[in-house]
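These are the structures, in structure tokens.
Each of the two complexes below includes subunit A, the first together with subunit B, the second together with subunit C.
Now for the complex of A and B:
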């Protein structure tokens, strides 16, 4: 091995030894991060009957799988030029001011009863792994986070969901009832 | 969509892994930069695909994401490849480029980089190398480009000597709706249209059309009146069926590219079928079939090449400690090469077949230590059998960093030009010309020393043998090609990314290359070892990707390339800048500048191949609809 090469390797090994010393923070679970990102990225593809005049509010109702990941996800992001707002609630109602509500369910209010409480209200409901499903229900497909869309429930709440989002959906429950 | 990502025993074997640096999992801040389509495309578990995550690839791998491409202002694939710090990219003229990794650049010698588009090799087997005029890719349709420096022979076969470039296009499900991209400018213009729709719940389609138009470049020699302006068009249609465990894609594409005044035309059509199946044990099966025809019609030559390629691979877990991947490929091509000057083939038509088998085992020696061993045997009816082994070791440390090392062997197979071309005075055929070989030693480190900082360093030491030399007899002519050269190269590649704050990322990269080549005893070379190529000893880049506001993006790249050895090409520094405004949710306007610092600069010099040309400054305006 030429001399310069030896020096090169020595330098790299020195770098390896010193570089590793700096501590690194564990990264959040990727699946959670992807879902948290979806929560606010859905907004431009949804039309609310009364456009949120204030900051668009993302509610986490009941069990919160996101923690600070959601807060980090929306940092610096906005809707109509205004930052998002996060509201964590044990129980949700039509007066909670949510534009998007992730329903985690809890002893205080199951996902099904949260859905019932929001029935007809202009709130985009999101769920996962639950018997009762929101307008958007996360599913894992082939190692990706995808979602189902309940267009019937969205229409009932006077929400318009863009065709782009419908095209991306794994399945769409149509206005007429059954799955498309 | 395909097996393209099937790397040196590491990356997932599906086209939908993360568009991020393999140094780390993407952070939630990284995800902010993605469109909702790209978000749907993030691979959250690698378990179903291939056991190892991208982060543990034991190779010098750099990923160019769709976002990087969108911000780059690039019109052609080689312009995109400039972003990879482990590649050398030099523009020869409006239509031609030379691209390589770790040395051997120049039109004649850049034959050691394998380029794959969705797992299909576009390496031109007749003259060796990559004929950029025949490589058409719709940039807006690219999901990511994986650039691996170093041998990839075990997975990819012969000619993956110094590197592999995997271009992976967006899966159909991720390109729903209408997309349009039109740019016009001082040097190049391009337009691209795409529509993706659904036939049913499980079956989608995608139609693509694009065209480009590049102006004449300024000649180095003031008396050079040739016109190298280049224009062309490309179209494709694909159908994808996506079920729980199976994915089937059928696609056809066609291109037609022309140099000004039809002095050279490049046409081709291709059809392919890809089937992938997830097995219940977490493994998978992938089958790929391609049929293609490429025709090249130039002033001095006509070449038609028809080929059929069928390949299959299977990966599975054998016990708790072994992940095995194995597969095979069969290729068959028919070629007709007619020359209109005195350099000719005795038999213009030929058929060549190729068959290969490979197997690779990834062993978990300890939870943090992975040993990968693989071997490919490739038989080529033209040049015989090549054995292409590699051994890789990856040590995942507690702090999340990765130290890896590898030893591999790869070969560049002889081509028809080298063996068969003959001239009544100057050249006799060289039927014994054999493969050029490399043994490569690599060592690398990747880490995320701070939450927002990721870095990668790779060093290599390559030993080459049997390099091509032009042997001259006592009478000087006729020449004959022999494998009379040998030598070593060594160098280092490094890059880092730092997220200053959400929406603002800085990056920096560099590479260094040293070369030592010589004649083996008893050989001579009329070209003075031109086989070693024309390379800069260093390259470096710094870049800034800044989302000034949700609607405004500013991207700047400054790159410097050292003086090229063995050719009179001075060092240069150039800058690219792109400013883009999101006018509505669906429409964006951008102002793009490439090579802004000088009116023109020189990147390559090889008058024996093509008239020498300057690369001009290029300024464009672009509209994107669909986003």
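Now for the complex of A and C:
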């Protein structure tokens, strides 16, 4: 499969129009591309307690699976008029200025320690296939990229997550605990 | 106030067409405006509905579209499909790739965000959350189907047409109303004229009745006076000549009084008339001597007679009296002298004359007009001159009966009089006398040979309730050589017939207490077929007279009469009876 944008779009169309029935197992590239778009698309369904400043910063902490796919995906987009900005960090802290943090994990900082570092801070944490899960955790389900939502953790960080996003989640861990 | 509103009505009347036109135009424009407004409103509603629908779809789709949930997207679009007003829908993802759709809409938009077409409105709205564009929804909202809209406008148009026709009908209606009003006014004016004429003729009628009643009694008294004076002269031809002079003076005065009562009777139209086909021109020519003497030297007289003059059906002597009366009036109006013109001409009066004047029957008339160059009359005087006893002349000179006689005579004859006068210029009185349809003149043989005195072997029964009249008549008849019987009333007279007494002539008053002279005559004739009947009356409104004219074959002697007159009548009666 050629790694061109053209082909990627064609693939997306095929996926959308056929309901993905033909492709039971998304290829790694496709999966990464989808996740890259999801990553910034989570943002509009989330409300932060404080205005996030001139930009809305998407942080990639540790391993970066997206590369420039993400950069291209966010081109021209903005959260309430604030352009998205990508920040790639080896280590994250509450002072990093992240609104959304994808925790790839690395030797410098594991996903779990990154979560610990951000605990309670108004940062939407995103993880995948990790033991330690962020507020949103990508999962693979019948060939589709899906996600789980930890509403309790989001609430602790004073983030409001739209019900529209919750409706898309395969599972939601509510404030009272346990998946719905 | 009334005038002002009338004026306004006239203005409205005059500009009615313009008003109606304006009204119609306003109505049409208003309807068109209302239609356009309604259409515009509908369009705006369609646009609004499309925008709202698209926004709702976009909002409900955002999550599913953002995270590739095809099933949910399809579910939502399918739900939208149930709404018949949404003709087409397409959902694009953030890359502009169609995710779900039905109907055809994209081509229509051509890059624009909104497109209005005759059949609906297409709108494109972004699917976005917090400014992050996640996709696009394009939706076409159907406008109300054309036929439905047309039906709605047809309803409005129907109302419009109804309104228009109502307005038109109203306009025509008011026009008809105005016409009706005008006609009504005319009819009312006509009626007022007719009523005025009727009042005038009723007034004359009442006056006639009054004067007629007085004249009747007067006439009877005069009959006694004249008769007795007559008798005195006959009985006592050798009396003191001085005394005879007194008597004949009294006789003269009584005759003048009789002439006056005749005029009164003429006015009251109770003068028995004996209309004959009369050559008016010749009558006037015959009168010329008298007229000249009446007028004197200061007044010239001219008579004009139109060629081919018809004859009039009038009582000749009454006509002559009328002309003399008019001449006397003309003379009195020209004390300084002047000119009198008498014209005779044929006149055909048509409906327009009939409508203009008082009760004029259209038809052929012989017109006689008497014109003077005298003082003339003011309109006030002119309106009263026909009334009896109306005069402007000093006591002893005017009686106020001259024009009354003229009016009464002409009316009784079935004609009419018209007057025109101008103060200082003169007066014209025109008589319209009914044209005679008789072919030839009835030979007039009025001069009767005086019968010789001496016995005649004829019995006359005299019936009159007035003793004075009865006695005079009886005396006069015996003087003429008749045997005379008398009775006070019809019953007494019939007793005489029933006794079997042979009567040659019945001389009876007409109006008596009990049975009338006419009824008496009828019963008497039943007893005696060859009986001659002669009525005496001073009062024409009697059973023997119809419409003031004598029945054919009836003999009548007018009271008061002289012995010669009654003698002549009796002889004429005997002659006609013998022939």
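Please note the rule applied: the second predicted complex is superposed on the first by the 152 of 180 C-alpha atoms of A that agree within 3 Å, B and C clash if a C-alpha of one lies under 4 Å from a C-alpha of the other, contacts with A are read in each partner's own complex, and residues count from 1 in each chain.
Methods note: a residue touches a chain if its C-beta (ideal position, glycine included) is under 8 Å from a C-beta of that chain, and two chains touch if they have at least 3 such contacts.
Please read all numbers here as calculations on a predicted model, not as lab measurements.
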item	value
Which superposed partner A:53 touches (first subunit B, second subunit C, both, neither)	neither
First, second, both or neither for A:34, with subunit B first and subunit C second	both
Partner chain(s) touched by A:78 [first = subunit B, second = subunit C, both, neither]	both
Subunit B versus subunit C as contact partner of A:168, first or second or both or neither	both
In the superposition, subunit B vs subunit C on subunit A residues touched	B
Which superposed partner A:141 touches (first subunit B, second subunit C, both, neither)	first
Which superposed partner A:43 touches (first subunit B, second subunit C, both, neither)	second
Contacts on subunit A seen with subunit B and repeated with subunit C across the two complexes	9, 12, 15-16, 19-20, 34, 37-38, 41, 44-45, 77-78, 81, 144-145, 164-165, 167-168
Touching residues (chain side subunit C, partner subunit A) in the complex	62-64, 66-72, 93-95, 97-99, 128-134
Complex contact set, residues of subunit A against subunit B	1-2, 4-5, 8-9, 12, 15-16, 19-20, 22-28, 30-31, 33-34, 36-38, 41-42, 44-45, 69, 72-73, 75-78, 81, 140-146, 163-165, 167-168, 171, 180
Residues of subunit A defined as touching subunit C within the complex	9, 12-13, 15-17, 19-20, 34, 37-38, 40-41, 43-45, 77-81, 144-145, 147, 162, 164-165, 167-168
Touch list for subunit B against partner subunit A, complex	14, 16, 24-29, 31-32, 34, 36-37, 39-49, 173-174, 176-177, 196-198, 201, 242, 244-245, 247, 278, 397, 399-401, 403, 443, 445, 447-451, 455, 457, 459, 461, 488, 490, 492, 501-503, 514, 516, 547, 550, 585
